[in-house]
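Per-chain residue numbering starts at 1, and chain names A, B, C, D and E are given in the order in which the chains are listed.
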Amino acid sequence: MVSERMEDQPAASTGAEVLVGVRDLKKHFPITGGLLKRQVGAVKAVDGVSFDIYRGHTLGLVGESGSGKSTIGRVILQLDHATEGSVVFDNVDLTQTTGEKLRKIRPRMQMVFQDPHASLNPRMTVSSIVGEPLKEHRAAKRAEKLDRIDELLSLVGLEPSHANRYPHEFSGGQRQRIGIARAIALNPEFIICDEPIAALDVSIQSQIVNLLENLQHHLGLTYLFISHDLSMVRHIADRVAVLYLGKVMELADVDSIYTDPKHPYTQALLSAVPVPDPEVESSRKRIILEGDIPSPADPPPGCPFNTRCPIAQQRCVDEVPEWRELSGGRWVACHFAE
Amino acid sequence: MADTHERAEEITQETLGDGGIAEVGEHRSLWGDVWRQFRRHKGAMAGLVVVTIIVLGAFVGPIFYPHDPFDIDVPNANQGPTLEHLMGTDTIGRDIMARVLVGGRISLAVGFTAALLGIFIGTGVGILAGFFRRLDALLMRLTDLFLALPVLPLLLVIILLFRDSLRERFGPELGIFLLVVFIIGITSWMQTARIVRGEVLAIKRQEFVLAAQSIGTRRRNIIMRHIFPNVLSPVMVSAALGVGIAIITESFLSFIGLGFPSDFPTWGRLLFDAVPFLEIAPMRVIWPGALISLTVISVNFIGDGLRDALDPRLRSG
Amino acid sequence: MGRYAIRRMLGAIPTLIVISLVIFTILELAPGDPTGTLPLTVPPEVRENIRETLGLNDPFFLSWLKWMRQMFISEPLNAIESVTGLQIGDGERLRIISWASRGPAVDTIVERLPQTLWVLGLGFIFGIIIAIPVGVVSAYKQYSIFDNAGTVISMIGYSVPVFFTGPLAIIVFSVWLGWFPSFYDTTHTVSDWSSLVFQMKQLAMPVAVLSLFNAAALSRFTRSSMLDNLNEDYVRTARSKGLTENRVVMRHVLRNSLIPVTTLIALQVPGIFAGAIVTEQIFRINGLGQLLISAINGADYPMVQTLTFIFAVLIVLFNLVADLIYGILDPRIRYE
Amino acid sequence: MADRRGSSEWLRRQDRSTQPARVAADPVLEVAGLTTRFDTLDGMVHAVNQVSFTVNKGEFLGVVGESGSGKSVTMMSILRLIPMPPGEIVAGEAIYDDRDLLKIEIDELRHIRGAKIGFIFQDPMTSLNPVLTVGFQIEESLKIHQQLPTEDRQARALELLELVGIPSPEQRLKSYPHELSGGMRQRVMIAVALACSPQILIADEPTTALDVTIQAQIIELVKDLREKFGTAVIWITHDLGVVAGLADRVVVMYGGQIVEEALVGELYASPQHPYTSGLLGSLPRLDQRGTELVTIKGQPPSLYQFPDSCSFAPRCPYAFERCHAERPPLLPISPTRKAACWWDVETGSPRDGV
Amino acid sequence: GDDTSETTPTTSGGTATTQGTTATTQPDVGSAAGSGGNITLLQWQAPTAVNPYLSGGTKELLASSIVIEPLGEFTPAGELVPKLAAEIPTIENGGLAADQTSITWTLKDTVWSDGTPLTADDVVFTYEYCTTEATGCTQSSLFAGITSVEAVDPLNVKITFEGPTPYPYNAFVSYQAPVIQKAQFEQCIGAAAAGCTDANFGPIGTGPYVVREFRTNDTALYDFNPNYRGNADGQPFFGEVLIKGGGDADASARSVLQLGEADYGWNLQVDPTVLDNLEATGIGTVFAGFASNVERLMINQTNPDPALGDLRSVYGDGNNPHPFLTNPNIVKALSMAIDRQTLVDVGYKSGGTPTCNVWPAPPAQSTNNDDCLVQDIEGAKALLDAEGAVDTDGDGVREYNGARLSVLYQTSTNAVRQSNQDLIKAWWEEIGVETELRNIDASVFFGGDPASPDTYQKFYADIEMYTNGSGSVDPQAYMGNWVQAEMPTPANNFGGQNIQRFASDEYDALFSELTTESDLAKRAELTIQLNDMLVQSGSMVPMIWRASVSAYSNEIQNQGDLNAWDSEYWNIHEWTRVVG
């Protein structure tokens, strides 16, 4: 029923073309135990998530640590198999695609990773890292390949002379650029950025964000931008989805969500972000949430947020709130939002 | 293609405009770094020098040394060190120094080849178990099995079983050599397998492997390009330690009467044969003993040095 | 934890069965023959007759099944009977009989156990007692003279075979100094002070040689484990609380460092058995190692099978115990 | 310039505030000329270079700067917690209670660590000993510094856990760190640091590893506690947002030096050092959405050379010859603030008179 | 009982004897039996049981010999003397039937250590015990040719043979065939034998000691037997005997000779230099006892070529001869090239003597082959040249009838054998015979497993080296090893002692003469002829007459010569200790 309603959502809101459609996506990691190592439960890392990503736009995905952001990214790219649901990329259901067919689609969607230290193989030179996709997909002849690597490096603001160096010779920001170069090597249409700036210094973060924006602009890329830095998401995203315990709590375009959050969790999250202005800070009313995010292995019944929600009522424990559309293309999963 | 190029220049302009790139320090290759670090480890360098000298002595020394290790000279048996026989002679008058030099060849060859074999098996099993979840349980069970298997009777039987068929096929020396190497290798891979598996599990989770997968890199290439080079450092350390262990194991096999035949000089064999003469001719025991120890110690130091040199924590990024 | 232990033990059973099968197969293939130890004057017909009576010509699988039954049913029942004095069934059970002595193999093993335990156990315990402090100090004073000396000594200890240090110890301490007997009297019983002194004396050399060997590797490992932990953040926290260095090391770092060391100790167990074989040979301690060697040389296969199997059980058991200790030392490991 | 008004308003409000902070110059800790370096295999790392600052009684001092700028090393040097070797405190003094912490006997220092100066570290996952119970780790400093009998210690530990807002504290005393969530662990760390009611609490990026909602909890907690006990707090962070709402005074570090020091309002309203302004500028702003972010080009400095010139000069839009030739000292530019820069942003010309 | 010391029977094994063994120093009249404290005997190869019938290795025989006793025993000189028997039955004294088809032994009036009397029933039972097939008795060959053993009366037992038996002293003679107690072993006969651990580890005997505690493969502890018949004479001297096993020969030698930790060390196969050095300490003395053991080279008379498959080393009625080793002169040349004295010096010293005979012991000691005692390399070369075995292709190896003189020379793994192999290889290569050495683990080599290719019986080599000797003073059984019927073949599962596949009708005929000859002098002469025939056939090259080597502490007295024909403890009841 949910997915039915989602079908007409894009047209209704913006009219842009849907590049990636995620429907009712679930990813449960089994927990084994007992004498015979049978499955005794599951970590519900992603538990029924639906959204669309429009071509040429950026969807921001925010949420606390462990809420399932990275898992969504991995499942979309089929680096993990979905437990349930579908991921439709340009009219192909990726969850039903395997083997060589999937390999053929892979170049069209890429990923930029969080940790610039871990995402580059320390034993490979920059040129072999950036050249690997070309090599794997025989996208270019040898000489062309070298040209292409030079081109890619300059695209991301590195010098071609760096091609023969190893990742450990670069700073974090530069490494992230190498990772981006690898991601765009095969001219993808869609890039998932999994917290690409979280590990970088403030002064470097803006460099990378600018680069990403430039690339998007010039190459017509579509982004899923995962982050827990709400201010940066606000800067870069067109629409934002707020994730909590493997479920999307609220989805809306960026302006409405920041100025008028509908879901109590979004409200609390926004209020918790410190603002670099003493004036604003001193006058702000903070919503301080009680307690911690529950374990995804044992989520609370009903609304996942009910354990910490300041306005929770009995209904929130008994009933899973419906994922519904409010006016103006805003989606929310709360009984009381309007 | 062409217009991406144009765009690239455009973008480059923009990116450089605001971000730019700092000069990256002078170019340092990965192994160059390791070597730089290794050179600072005094023990490891000393070990490397000693091992080099010993290897040269064993493989080149006999060419210059005037005595043949198999020449019998009964009238001159059981001599102490003399100018003629630098380390004396044994019960049937063979020159001990010549035997020690030649024995080194075999001991070292056994040490290095057996360690290599053990490492090869261990790395293979470790990578397979770590990478393919389906094989994991099975291979780890196998590893446990080998760990729990009392190796001694196994050794005995394998030696008894195959000694002669190998001897026939490869000749008396190469045959037993292969056998001893095989036996040491087959009983010493488990530790490496475990370490490598752990390492692979960790590396598999690293984002660069995910990145390779997302590119669509084939599994074979992921293993060869991404996993294997990165488990190389623990493997190198294991290998260094393995050499020492193999040399000692060979001498242990000689002691329990299973190693090389008694007409075959290896350090272990020479040491074992000389132990009864400990009082009469102590140097006959000391020489092979000291060479075994020296080699093992040096190799261990080299292993230490490698570990330090390969430890990313001790190296600046 | 109890359930975990049970699960591990159940899990070990298939491993052990496979091991026993492997041992059997290997011995089946082995070319040795128990009549090989008889004088050449014993004629072939007699030898053939002996082989027949030993059941040597039985089919391999049958003798394995028979052995399994004896090992898992007869012997445990027999042990229960002799401990409790109860009579279970009619008492007519076929036990595992050694070909060499024609006596029950398990009885011989039980007879041998004390001396092996004395030497192995003490060698093991002293090894640990020496290794841990040395490792701790070496790590704490990394690159000091103590550390460097410790490195060199332990590497020597590790790389010099026991069959070299053993005879050397005998020459020095028995021949030259006359302090200790060169062989071990298994019939000696400790009843009073002087017999205890004698027991200590006859244990001194084998235990010392074995301890040094054990301590060598262990102290290196303790050192590196300590070094790893000394760099941990929680050590800085402990220091920031104003704790004395002594307390920081003993209370905080040591326990964390010992966690991986327990695994190593368990992994060393097979090596310790091998070391014991040599030690027993050299100091003439007729323990399990010597029994194994002589059984192998005499092609006494029931004994070899039983003994190697018991070794395998011990190794599995040690690993289990190490895992449990691991769990005790490290609260992060929780076995359900 | 428009921000000027904002800052004076803020000052006004501060004056009215009941907080024990901003008591003029009653320093509990005075650090002067602190210089620490590390002798690594790759060369000498000049991690902290001639850093001087003071902390007043009950004051909340924010220390900001990007990764590697020497924030942690500075604070750890004060209590001599850096690993030595390779670390070495080459020069400087840290006066606490008329004693120079850098010179006194280690035994004497030990009575100050934990008892007078508490420390909270960045990563609550690794900073607690994984094999000891929470209770033990809290009681330990009580045992060392106050020689309390066992029951009192337990009672106090319980009290502390309640204080830092841990639910069902009796049970938690027996828990091991891994049984707690990150936020809970950081609360435990705070309890450990506060156990002996120290005069100064040094918090080294205590919320960096935590989620925003949890960060908000911890910030509230520290605020409360400070009000209760009047403890001086040094809060290290690289998040300019966090200090904005917390600190009385802010110190900005760059390349192992303090480049600017100011009351919090002043700093945000009119940063005097190009680095500070660059940093503030690079934060995304609502009103400039869609446009590019301002960036500080280039990379953080290498610490392998002792800074003979301004370490920010290579990245500085205002840099001129002097910046490349001479290292600017940290000098007062108004009664409440200091900066280390040859360029005067106010006038838009080189600073004169120095 | 009767005083038996007067009995002086003549045996076929030796000349007329006096009971000279006890003639030396008697223990002090004053010292009571068992008063001498304890004595420690080192047997580095430890006994696994005390029942000689179930585990027939020398080490077990030794351990049992101080507990259970035979009817008669051999002295170090090889004379047969009575032990439990009142006298040695001979035709002269009427014990042996004139037609040599039966013998009657008369027992001394003796009691078992449990106090019950020894009777002829016990002897009869012993026979039944060992000849019941399911017992798996290792000594059953000693009872071969016997049709019945009957108790004539409690003290007389009659053994009836299948036919005339010139040498009837195998059964119940020497430590290989002692008498066990019927009462104790009655339930242990046949398949039940293995289960009787108590009996097998602690047989009740008539000897000077009783087992107190036996630990298999480790130690055997004995108390003196209070019912021993020599008690009145103060025998045995020692109250407690400890046989201690473990370690190796080197360590045993050290314990006895250098450390004085033990009083006796058995079978000290130690490098002679080391042994001399230890003996020089002056605490103990090395003893050597010679029986008939000879280290020899067996020369394969059949073709061991692997290409022959199943026919390898199979005689096949003479159709499979060795390409060159059937020529006696070639073998003679090989023998001449060997310097036996050097072999002795390097590996044996006092523990061996160069010999050229299969049967080295008097009275059948041949001197006809003694020219081999001197090495003669040139002579060997000349002999080979004369036979036409010359090096035609200049590779340093001679050819004979198109076959290269290249031999595979195998033996069991043992340091002394290996150094001897090295020396012999060097000499042979000097005379142009290529030699490949091979050594095989003793348990395999002597194991006799028909499935193994490496047993000495399979003889998949050209030449092999080992020691063998006669179990008895009488050479008959031993010389019978080389009749054609004894050849190992697939048909008899390679059982058989004619290892070198020596085939001579002449030899077989001469041997059957020996089996019927009862005159001792004639028997000795026949033995010499058989010996010469074997040696000169070139099927066997005897090299060293080997002694048993053991060491005694200098404190031990009255042990006499080392007994190589019987238990080294044969007279332990006479041993004493003199401290000082």
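Throughout what follows, a contact is a pair of C-beta atoms (placed from the backbone, for glycine too) under 8 Å apart; a residue touches a chain by one contact, two chains touch by 3 or more.
Fair warning: this is a prediction, and the values are worked out from it, not measured in the lab.
Participant: Would you kindly say which chain has the C-alpha centre located farthest from the C-alpha centre of chain E?
Facilitator: D
Participant: Per the definition of touch at the top, where is the C-beta contact count highest among chain pairs?
Facilitator: Chains C-E share more contact pairs than any other pair.
Participant: Just how far, in Å, is the C-alpha centre of chain C from the one of chain A?
Facilitator: Roughly 55 Å separates the two chain centres.
Participant: Roughly how many whole angstrom separate the Cα centroids of chain A and chain E?
Facilitator: Each chain reduced to its C-alpha mean, chain A and chain E end up 89 Å apart.
Participant: Could you work out how far the Cα centre of chain B sits from that of chain E, in whole Å?
Facilitator: Computed from C-alpha means, the inter-chain centre distance equals 49 Å.
Participant: Approximately how many whole Å separate the CA-defined centres of chain C and chain E?
Facilitator: Inter-chain centre distance comes to 39 Å.
Participant: Which chain E residues sit where two or more other chains touch them?
Facilitator: Where chain E meets two or more other chains at a single residue, that happens at 441, 444, 454.
Participant: Note the residues in chain A that touch 2 or more other chains, in rising order.
Facilitator: Those would be 171, 173-174, 207, 210.
Participant: Which parts of chain B, given as residue numbers and ranges, touch two or more other chains?
Facilitator: 18-22, 25, 160, 275, 279, 315
Participant: In their complex, what parts of chain C are in touch with chain E?
Facilitator: Checking each residue of chain C against chain E gives 31-50, 52-54, 97-98, 100-104, 107-108, 111-112, 170, 174-175, 178, 181-187, 280-286, 290-291, 294, 297-299.
Participant: Which stretch or stretches of chain D touch chain C in the complex?
Facilitator: 76, 79, 81, 83, 110-115, 118-119, 121, 123, 126-132, 140-141, 144-145, 176, 178, 189, 192-193, 195
Participant: Which residues of chain A touch chain D once you look at their complex with the stated criterion?
Facilitator: Against chain D, the touching part of chain A is residues 64-65, 171, 173-174, 201-207, 209-210, 213, 228, 230-232, 234-235, 258, 268-269, 271-282, 284, 286, 288-289, 291-293.
Participant: Give the list of chain D residues in touch with chain A in this complex.
Facilitator: Per the touch definition, chain D meets chain A at residues 6-7, 9-10, 13, 66-67, 167, 181-184, 211-217, 219-220, 238-242, 244-245, 264-265, 268, 278-280, 282-286, 289, 292-297, 299-300.
Participant: Applying the document's contact rule, which stretches of chain B touch chain A when the two form their complex?
Facilitator: Listed in rising order, the residues of chain B that touch chain A are 4-5, 7-12, 14-16, 18-22, 24-25, 27-30, 33, 206-208, 210-218, 221, 225-226, 229-230, 232, 312, 315, 317.
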